[in-house]
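Alright, structures below, take your time with them.
In what follows, subunit A forms one complex with subunit B and a second complex with subunit C.
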Partner chain A sequence: MTSGRLTIGAFVSIDKDQLQTLLECLQQVGYRTIGPQVRDGAVVYDDLASVNQLPVGQIDIQDGGHYRLEADESAGWFDYVVGPHSLKNFLFPARETIQQLTLQDGSWASTTPEVEGPPLAVIGVRGCDLNALKIQDRVFLEGPYVDPHYQARRERLFVVAVNCRRAAATCFCHSMGAGPAVSPGFDLALTEFTDRFVVEVGTDRGGEAMKTVPATLCSVEDIQTAKDVPKQLEKQMHARKPEDGHPQPRELDTTGIKELLLGNLQHPRWDDVAERCLACANCTMVCPTCFCSTVGEVTDLTNENVLRERTWASCFTGDHSYTSGGVVRPSVKSQYRQWLTHKLASWIDQFDSSGCVGCGRCITWCPVGIDITEEVAAIRGEDI
Partner chain B sequence: MTVSAPFPSVNRLDPWKAHSAKICAVFEEVPGIKTYELELEPAGVRDEYRFQPGQFNMVYLPGFGESAISISSDPGSPGRLLHTVRAVGNVTNALARKQTGDQILLRGPFGSWWPLENCIGQDLIIACGGVGLPPLRPVIYEIVRRRKEFGDVSILYGARRPEDLLFTNEYESWRKAGIQLEVTVDLGNLGWTGHIGVVPTLFERLDVSPAQTSVFTCGPEIMMRFVIQEAQDRGIASERIFLSMERNMNCALGLCGHCQLGPEFICKDGPVFSFDRMEPYFHMEDF
Partner chain C sequence: MSRKPKLGVFKFASCDGCQLSMLDAEEHLLGIAGQVDIAYFLEARSHIDAGPYDVALVEGSVTTAHDAERIQEIRRKSKTLITIGACATAGGIQALRNWHDVDDFIRYVYAHPDYIQTLKTSTPIADHVQVDFELRGCPISVEQLVELITSVVLGRKPRFPNESVCMECKRQGTVCVVVAQGTPCLGPVTHSGCGSICPAHNRGCYGCFGPKENAQPLGLLRDYQSHGCDQRQLVDLVRNFNGYSPEFREAVEQFETSISSDNA
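On to the complex of A and B.
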């Protein structure tokens, strides 16, 4: 058994039930604990009071426009992968008030509402989503202007990550260098075994949280075995082959992708995808890195109180590029092209990384199953 | 030569927070366009406020929303803030109903600016149409004050009709300062004896030394397209042609995503760009 605070880089083993102890520790020090659970047939993130709520023994079958949960005897506590939610839903909520205006003695005063509620601890964050978090950090924290609302939540966020040991067919984190192994940025990272979790400590805060959780220090071999779990999966993902009766495993060739896409802005494939795309904006809503938003006015009946509310926006609407002189991107073709070229090409210029972490959500949650990997492959296939 | 990183007065605390400003005067410029003289409140904010020519503010009317509006006054007198606004929609029409003494709110200044400091000792062509003149007026004021620092300076300006021409009472002082001012309208009237035609045709009246000339242009994209063509035809390099771009603008902070054009956020990387940065996308339809 270990005692006292664990240092950064430490690996310990805990009995599976002790995840509950960790959860309670986090709750006791004031965190609102969030974790995966089943809602309306899909794994979502919501308040997690107890580990009993976790979708233990469930796996997800994902494909273009398709998501289904299945019981699986060999499945552990975290063998489903990502559902429609990501950290974005919590750090950059779909709707929030960013300014409050009050009319006093005939003049308006503008105040910033406090970000309310306890700090968040999210359990079950995957490698792809941890990378998506870092990408959103670049947008909201590392530009010339810092968004104070995101910042307030982000600085207090506690991340319990999970190394995936199974991938869905829609996952292509291995192509994007975003998984399946979790990269630094977590407070604690779990690797699941049949009878226990190996916990890696990523921060002092993480070490602190483990203080009262009964744990044993891992041997060197043990650590290696844990590290091999996501490595094995990564190897498997690179070797995946299409099988009859199973969804096609995804991958994305990113070689020269910026030049490929920006050099093919007139490619006939954009017309082809525009025929299929409904411009429903689902892909932008579920994408963990998409950050577009619109601030609008909400006025009360007296006209003396105005809330400036920020809601998620999408490049799949005409509003998005509206000016009094006209809409810049009126067609579905131009909207899909904007989405794809931003995500995979111009993002690299803007933020020094791809805007895609290969989580596959946009594929699964597209009602018509449009597949980002397939669209890129088609353009690459007939590079013009 | 690219426009360097802007942001002279970033409010790191909360870039969403708007300042109060009192309307000290309203000038009816031409039908549909008014200039608002604003005084930031309280005095402390006003005294600290600085801007560069070409920068803009987000003008905010609670309950209506925000609009990106360029500053049209002299950067040398930042305490006297002017905005020249055409009423076209929700916010700008609500603004048009405001009167002297009323309060509005604003955030700013935002964006990159005209690289005047890189043009010292050189010739400059300012080509603009309609409400493209207000964002360039701060440049003109700066040049008038520091005329000796620049070579040949010309302004090519056009409006739809003679009665739409902005700032006509200042033309005399610009010419007196040794600026070649060429004015054109699309549609003349009985009293109009000046040039008729679009702005790019005014290039004919200039004697251009391409190696030492920069172009600043602002106006409808179609006008800028032909201005750039004329400039390039005369041998002026893309790196020396600067334009102010317009896209839907919601936050001005590079956070909302609306104003993107390829790799650029018009609000924080622009609105003023050297043309070489826009060139790959400028002719791309619906991009």
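On to the complex of A and C.
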């Protein structure tokens, strides 16, 4: 048994039930604990009071426009992958009041609401989503304009990551260098075995949280076995082949992707996808890196009380590209092209990385199953 | 505005649900009454001011010759004319008659068909007069109505996002009923505004707020059909409160043609 605070880089083994102890420790020091659970047929993120709420023994079958949960005898505590929600829903909420204005004695008084509520601890964050978090950090925290609300939530965020040992057919993190192994940035990372979890400590806060959780230090071999879990999956993902009756496994060739996409702005495939795309914006809403928002004023009848509200927006609307001269991207074709070329090409110039981590959400949650990997492959001129 | 704007609320063929939504705006009503002069609103008060009006809110569709004349008069008397709800904007559920012979209905339903005077079609207000703004919904949303009246009082543009119902689902964290359950839903082609109530209660969207910009209902219907949804049910899903809106109407007509050619 270990005792006291664990140091960064330590690997310990805990009985599965002790995840509950960790959860309670986090709650005791004031965290609001969030974790995966089943709601309306999908794994979503919501308040997690107890590990009994976890979708233990369930796996998700995902494909274009298709998501179903299934009980699976061999499934452990975390063998479903990502659902429609991501960290974005919590750090960059869909609706938020960013300023309040009141007219008092002929002049406006302005207040910026503080971020309220306890700090968040999120359990079950996957490799792809940890990378998505780093991308959103670049958007909201770097450069001259730091987003104070995002910052306040982000600085207090506690991440319990999970190394995937199963991928859905829609997962292609292996193509994007974003998973399945979790990369640094977590406080604690779990790797699941039949009867226990191996816990890697990523930060001092993580080590502190483990202080009262009964754990044994891992041997060198144990650590290697744990590290091999996501590596094995990654190998499998590279070798995946289409199988009869199974959803097609996804991959995306990123070689020269910026030049490929920006050099093909007139490719006939854009017309083809515009025939199928409904411009419903689901892909942008579920994408863990998409960050567009719109800001509007909500006034009361007297016009003396004004709320400035920020709301998630999407490039799949005319409003998104509305300027004084009119709408710049009125057609579905131009909107889809904006989404794909920004995500995979111009994002690189803007933020020094791809805007895609290969989580597959945009494929699964597109009601008509439009597949980003298939569209890129088509533009590359490959057979699909 | 120095003088309070004069508001008239007028009813055509409708169920009164949108007007009831106005009365439902309880906590706002006093404020509204303080800021606008409610000059004509038979559902709420018997006082009648013959106009002219700054703003006319029109509920219902045109189904009689008398109504076709009345809407002209209201337009003449009103600076701004706003349609409220699916009947006024797209003809409403009563526009189902437009695909059939109305005389047949009259014969089946009424003991004395000769007492009934009606047009063969139910048509939106915009088919008769110029409409300045359309407030969507079946019924309209109370919040949107209050925002509309506020914007009229303050002389600014109303703030109504032009987007799909899906965006509201995702902002609320609602799990998509199409993807997770295979339930057909019109959300991807429907204008937002309801707060995506139906998907939040595990139902598909019925399209109450009518087509959104760039709506592609035909593609959606064909996709649902390819996933095994019943063709007839899909037609009925769209040919609904907003079935007579041009986008929904054309899509269903093409979809039906493809059904009959498939069966041929």
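Some points to look at:
The definition used in the following text is that the second predicted complex is superposed on the first by the 379 of 384 C-alpha atoms of A that agree within 3 Å, B and C clash if a C-alpha of one lies under 4 Å from a C-alpha of the other, contacts with A are read in each partner's own complex, and residues count from 1 in each chain.
To be clear about the criterion, a contact is a pair of C-beta atoms (placed from the backbone, for glycine too) under 8 Å apart; a residue touches a chain by one contact, two chains touch by 3 or more.
Quick caveat: nothing in here was measured; it's all calculated off a predicted structure.
Contact with neither subunit B nor subunit C is seen for A:29 once the two complexes are overlaid on the shared chain. Using the contact criterion defined above for the overlaid structures, shared-chain residue A:364 touches subunit C, although it does not reach subunit B. Within the superposed three-chain model, A:331 lies in touch with subunit B and with subunit C [touch as defined at top].
When the two structures are aligned on the shared chain, A:44 is found in touch with subunit C, with no touch to subunit B.
With both structures placed on the common chain, the touch criterion links A:67 to subunit C but leaves subunit B unconnected.
Of the two partner chains, subunit B and subunit C are each touched by A:299. Once the two complexes are laid over each other on the shared chain, residue contacts for A:146 go to subunit B alone; subunit C is not touched.
With the contact threshold set out at the top, residues 294, 296-297, 299, 303, 330-331 of subunit A are in contact with subunit B in one structure and with subunit C in the other. Only residues 39-42, 44, 65-68, 83-85, 89, 94-95, 275-282, 285-286, 294, 296-303, 311-312, 314, 316-319, 330-332, 335, 364-365, 367-369 of subunit A touch subunit C when the two sit together in their complex.
Here subunit B touches subunit A in the complex through residues 5-7, 10, 12-18, 20, 62-66, 88-89, 103, 105, 220, 246-248, 250-251, 253-258, 260, 262-263, 265, 268, 280, 284-287, going by the rule given at the top.
The touching residues of subunit A, when paired with subunit B in their complex, are 98-99, 101, 103, 106-112, 139-140, 143-148, 262, 265, 291-297, 299, 303, 306, 308, 313, 315, 320-325, 328-331, 333-334, 337-338, 341-342, 346, 349-350.
The part of subunit C that touches subunit A in the complex is made up of residues 28, 31-32, 34-35, 146, 149-150, 153-154, 159, 161-164, 166-167, 170-181, 185, 187-189, 202, 213-216, 219-220, 223.
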